[in-house]
Amino acid sequence: MSADALDRQIAIPKESLLETARRLASEGFDNLHCITAVDKNESIELIYILYSINKHACVTLKTQLALDDLAIESLANIWKSADWLEREVYDLFGVKFLNHPNLKRILNPDDWDVHPLRKDFSRPDLIKKPKY
Amino acid sequence: MVSILTFIIMIAVGAAVLGFIAVSAMFLIWWERKVSAHIQTRYGPMRVGWHGVLQSVADVIKLLLKENIVPEDVDKPIWWLAPFFAVVPSVMVFVCIPFGNLFGIDLIARDLNIGILYIMALTSISVLGIFMAGWGSNNKYSLLGGMRSAAQIVSYEVPMIISMVTAVMFAGTLSMQKIVEAQRGMWFIFQPNMAVAFLIFVISATAEINRTPFDIPEAESELVAGFHTEYSGMKFAMFFLGEYTNLFIVSALAATLFLGGWQGPFLPPVLWFLIKTYGIITVLMWVRWTFPRVRVDQLMGFAWKVLTPIAFANLAVAGWILLK
Amino acid sequence: MTWSSVETIKENIHTEEFWVNMGPQHPSTHGVLYLEVKLSGETVVDLITHIGYLHRGIEKIAENRTYTQFIPFTDRLDYIAAMGNNLGYVLAVEKLMKMEVSDRAKYIRVIIAELQRVASHLVGITTFAQDLGAFATPLFYGFREREKIVELFDDICGNRLTYNYMRIGGLQFDLPKGADEKIKNIIKYMRPKIDDLESLFSSNAIFTARTKGVGALSKEKAVNYSVTGPNLRASGVKWDLRRDEPYLCYDKFDFDIPTGVNGDSWDRYKVRIEEMRQSLRIVEQAIGGLPEGDPTIKVGRIIKPEAGESYMRTEAPRGELGFYIVSDGSAYPYRMKIRSPSFSNLAVLSELAKGIKVADVVCVLGSLDIVMGDIDR
Amino acid sequence: MAVAEKIPASGLIEKFPGGGIVLTTGESVLKWGKASSLWPLTFGLACCAIEMISTGAPRFDIDRFGAGVFRASPRQCDVMIVAGTICVKMGDCMKRLYAQMPEPKYVIAMGNCAVSGGIFYHDTYSVVKGTEALGIPVDVYIPGCPPRPENLLFGIIKLQEKILKESALCGRKERRVR
Amino acid sequence: MIKYFINIVAGAISLMKGLFVTFKNLFSKAVTVQYPTQKLQMTERYRGLVDLRIEKCIKCYMCVKICPTACLALAHKETAEKKKEFVYFKYNMELCCFCGLCDQVCPTQAIYLNQIYEIAVYGRDKLRDIDLLNTEKYGEWAHPTVK
C-alpha cells in the first residue's frame, strides 16, 4: 500500500494557514486535492489534502475554527482548485474564506441561509428516516 | 372555352404537385427514420402499418392537433410569415422540375426557357424564411441559428451556382427539359470535370438545405433547435415540410443536371427519375447519420477556400474543353 | 467607397455582447448543468458555470445510514460508472477497518471495475461525438456496445445500472456460472468494435478539425486545477493511481498508461480510446489468473469501525474518486466527504472556454466527460 | 385493408352502429395519430436518463413506438419523461418547461425519484418529493430504481392506452405564453 | 499548393472510412429486442419487486433494519402458544431502491426479489402500502397484457 495522506498530518493554527500553504506550494505540492470540513460540534475542522505529483508525496493540513469565528484565508490564489472546493465548504458549512474571488453558494440555492452539513441543521420539510 | 380548360389543367397540375410534395415529404421522413434506424442496427418505426409506413401520417395528425403557442415577445408578422417563406419557394421550384414523360405527356408544369435561373432565384428565397424565423422568434438561440443560416447560404450559393453553370455550358441551354435531352448520349457525370462539378453541387446543396455535416443553423447540441426553437404544432411541421421538400429538390436537380434526369434504359422515365432522386437522397441520409457537424468558421473556410476555387477552376476547364 | 470610410463605418457600427443561457435543460449539458455564456457574435467572452441542479445531499444522507446501507447510494453518484463508486466506497471503509479481502474478491473487483471503465468511456466518447453533432449514430453504437457489459453486470448482480455489488469485506455474490466465458467473449467482441469507433472518429477529417487544438489544457494548469483521470493524462502527466498508488492487485498486471501531448479535446478523446484497450488487457490478464476461493462475505452483521478517519482515493473512470470517512465508533459514519472527479474537472471549463466559439464550448464540455450526479452529489 | 387492422382504435367502430361510424372513425384516427407519435423532451435529470437513452438505443429502440424523436425544444414535444431526481433548484425550471410545452401534453414519471423522491425521500434537504409535489400532473408512473428499458416501453404503451381512451380534441386551443 | 490538394484528398478518404463503418452496420442484423412481442429472459439474480414466502418468515426484522429507504414495515404479535404472528407486513414500492439488501440479509430466504419488471400505473396509491401477506398482490403485473 502506498503513502496515505492522513499519515502525514500537520495541525496548524488558522492564522498560519496561508503561510504554510505558500511554503508547501514552493516545495512542490502542486495539487490541492481536496478541501473538506467536519463539524465537531464545538468547532469546525478544516482538512486540506495536498499531493505532489512530481515528488509523489502527500500531506494533510488540519485547522480548527471556532464556531463564532468561521473565517479563514482562501487558498484560491495558490491553487485554482481551491476556488470551487472552498465554495462548497462555504455552502455546506458556512465557513467564510477571506479574499476568495467569488464566494457564493455553489450547490444550494443562493437564497438559503442554512448550512446543511452542520450537525444542528434542520429544515421543516426534512423527513427523518425511521430507525428500527 | 380554351381558357377554362387551361384553368382546369392548371388546377389539376397544381393539385398534383402539392399532393406529390406532401406525400413525398411524408415518405422521406419515414424513409429517413428507417435508414437511420438500420444504420444504427435497430428497426425504427414498427408499430403503425407495415414497418411503420403510417408513422408520418400519425406525426402529421398529431402536429395538427397540437396547440399553437405564440410567445408574447415575438415579432408577430415576421414570426407568422416565416414558415410560409420556408415552404412556398420550394413548392414553386417544382414548376420546372422535369419528371419525365408518361403516355407521351411531358411531366413538367412549365418548361421555362430560363428554368435554371428561376430555380436558382427561388432556392435563395427560402433562406429568408429561416432568417425571419430566427429574427422574429426573439430568442437568442433562434437568432444565432438565423444568422448562421444567412451566412452559410450566402457562401454556398456561389460554388453551387458555378457548378450548375458548368452543366449549363455543356448543355448550351437554360431549360431543364433541354438539359436532360442534351444528356441523351452520355450523362454528364461520366465526364471527369462534370463529376467534380457534381460533387461540388452535392456538397454545397447539402449546406444549402442545412443537413449534417452543415446543419449549423439548427445545431441541436448547441442551439437546442436553432431557428425553429419557438415554433410548435403546424408551423413547426411547415418547416419540416420545407426541409424535406428542399431535400427532394436538390436531389432532383442533381439528378437532372448531372445524372441524365429521367433518361435511362428499359424502365419508364418517371421511374428512372425517381430512382435517381431517391438514390441521391439516400446517400445524403447516409452521410447525415455518419458525420459530425463542422464549426461555423470551418464551414465558411471550406466554402471559400476549397469549394469556390475548385468550382472556378472546374468552370475554366469546362470552358477550355468546349472551345477545344 | 474608400478604405478609410469603411473604417469609419466599422467604428460607428454598434455591437453588443449578450448572455446566452445553456441549460439546465439543454441537450448537450449532460444532465442538468447550467452555463451562462457571454457571447460576442459566436465567440465566448465569459462563461459562468452554475451547478447544484442535482444536489441530493448524499453526504448528509451518509450520516444517517449505516455503512452497509450507504452502498446503494454510491451507485447513484456517478451513475455511468456505478461499480467504480461502489469500489471506492468499500475500499475506504475497508481501509478504515484495516480489513483485507480475499484474493478472488480482489481479482473480481478488478475485472468489474475495468469493464465498468470500458462501459463508461464508451458512453463518454460517444456522447462527446453526439455533442459534436454526429447525431445519434455514434451514441447508439456506444450504447449498443455498452449493453453487452451492462447485460453481463445484470447477470452478475441483478440490475442494469445501480449494481450494489461490492460489499465491505468482499462481494455480494461470486461470479455466476459461465461468467468467465462471457467476459472472454466480451473482450473478443469489444476489440474490433473499439477499432470501428476509432475509424468512425479518429481518421474523420471533420472530427479532427473540430477537436484538435480546441480547449487545450496545459500540464501546470491541469495539476493546479486538480484535474484528474483521463483529462489529466491527456495533458501529458503520466499519473495513474492504478500504477502510482496501486490498490487491490493492480500491481500484478501489465498495462500502459496512455498520455496525450497538448491536452486538447482530441487528446482527451484519444486517451479514453486507448484506456479502453488497456482496460481490456487488464481484464484479460485478470480473468486468466482468477484464483479460487470464496469472495463473498457473511453479511448482515452491523459494521462498527473504530473511531478514526480514512481517506481512500481510487482511479474511477472519470478520475480520482476520494472518500473521506470520519468514524466516531458508532454504526453510522460521523462525516463522509466524497471528493468526486467530475467536480474538479468541471471547474476548469470556464478557464478553457474563454475566447473559443460557442460550438467549441460544447466540444470541450463533452471531452471533459462529466456526470452531473458525480458533481452535485 | 390490412393497414386498418393495425390501427388500434379501429375496433371502436364496431361498437357504434349506423350514423356514428364516420364520426367515430374520424375521432379514432385522430386519437391514433396522437397515441402513435409521442415525441419526448430531451430531459434527463439523473440516473434514469441513462436508462432512457438505453431505451432509445438499438437494443430496445423506443422509435418502434414512434416515440424516438427526442426534441430538445419543449415547444415541439408531447411527453415529458421525468427521468431522475428532482432537486429544489431544478423544480422551478421543470415547472417552466412544463408550461412551455404545447397542449395536449403528457408526463411520465420514470423511476422512484420522480414518483415520490424514492431513495432520496428521507434525510435529504434538497430533493423534491416527486413530480406531483411540483404541481405537475403525472399520467403514468413507472416505479423502479431505475426501471428497465422494457418497463419504460411498457409505460409508453400504457400512456398510449390512456390517450386512446380520452377525447381526441382535448387541449386544442390557442394560448399565449411568455 | 500540392499540400492543399493532398489535404483535400486525405480528408475525403478519411470521410470514406467513416461512411464504410456505417455502411457495414446498415446491412448487419438489427440487435433490437422487439419488446412487447419478444421479451428478454430475466437473469436468475434479477432484482424485481420485493416478495415474501410467508411461511418461511421468522419475523426477525433484519430486512426492516437493513432497508436503506425504510420501505418495509413489519409488526407482529405473540400468540398464546408463544408463536409469532403477523399483524402487518407492508411494502412501499415508491421508496424502494431495489438494492436487494433485504434479500441478502434474510436468514431464511423468506423475503426475496422476484422477476417482475413491467410495472406502470396511472395512480400512485397502487404503489403504496402493498400488503406482502397477500399472495395476489402483484396479480396484474405478473402477467401484463401487452398487445
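Going in written order, the chains are labelled A, B, C, D and E, and every chain counts its residues from 1.
The rule we apply is simple: contacts are C-beta pairs under 8 Å (C-beta built on N, C-alpha and C of every residue); 3 or more make two chains touch, one makes a residue touch a chain.
Bear in mind the structure is a predicted one, so any value in this text is a computation, not a measurement.
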Item checked: Path length in steps (a step moves to a chain that is touched) from chain B to chain E -> 1
Next item on the list: Check every other chain and keep only those touching both chain C and chain D; list them.
Entry: A, B, E
Note to self: Report the chain whose CA-based centre is farthest from the CA-based centre of chain A.
What the structure shows: B
Item checked: Higher-contact pair (C-beta pairs counted), A-C versus B-D -> B-D
Margin query: If I average the C-alpha coordinates per chain and also across every protein chain shown, which chain's average lies closest to the global one?
Written below: C
Notebook entry, point to check: What is the distance in Å between the mean C-alpha positions of chain B and chain D?
Noted result: 33
Note to self: Can you compute the centre-to-centre distance for chain D and chain E, using the mean CA position of each chain? Integer Å is fine.
What the structure shows: 21
Margin query: Centroid from C-alpha atoms only, then distance chain A to chain D, rounded to Å. What do you get?
Written below: 44
Notebook entry, point to check: Considering chain A alone, which of its residues make contact with at least two other chains?
Noted result: 107-109, 116, 121, 128-129
Margin query: Touching at least two other chains at once: which residues of chain C meet that condition?
Written below: 26-27, 52, 55, 57, 60, 64-65, 72-73, 137, 140-141, 144, 147, 162, 200, 204, 206, 376
Checklist line | In chain B, residues with contacts to at least two other chains | finding: 37, 39-43, 46, 220, 224, 289-291
Checklist line | Partner chain E, residues of chain C touching it in the complex | finding: 65-66, 68-73, 137, 141, 144, 147, 154-159, 162, 164, 172-173, 176, 196, 199-201, 203-206, 208, 299-300
Note to self: Going by the contact rule set out above, which residues of chain B touch chain E in the complex?
What the structure shows: 35, 37-43, 46, 286-287, 289-291, 306
Next item on the list: Name, in rising order, each residue of chain E that touches chain C in their complex.
Entry: 10-12, 14-15, 17-18, 20-22, 24-25, 31, 43-47, 62, 66-68, 97-101, 104-105, 107, 113
Check: How about chain B: which of its residues touch chain C in the complex?
Finding: 36, 39-42, 140-141, 144, 148, 212-213, 215-216, 219-222, 224, 288-298
Notebook entry, point to check: Along chain D, where are the residues that touch chain B in the complex?
Noted result: 2-3, 6-7, 29-30, 32-34, 36-37, 57-59, 61, 63-66, 68-69, 71-73, 75-76, 78, 100, 102-104, 168-169, 171-178
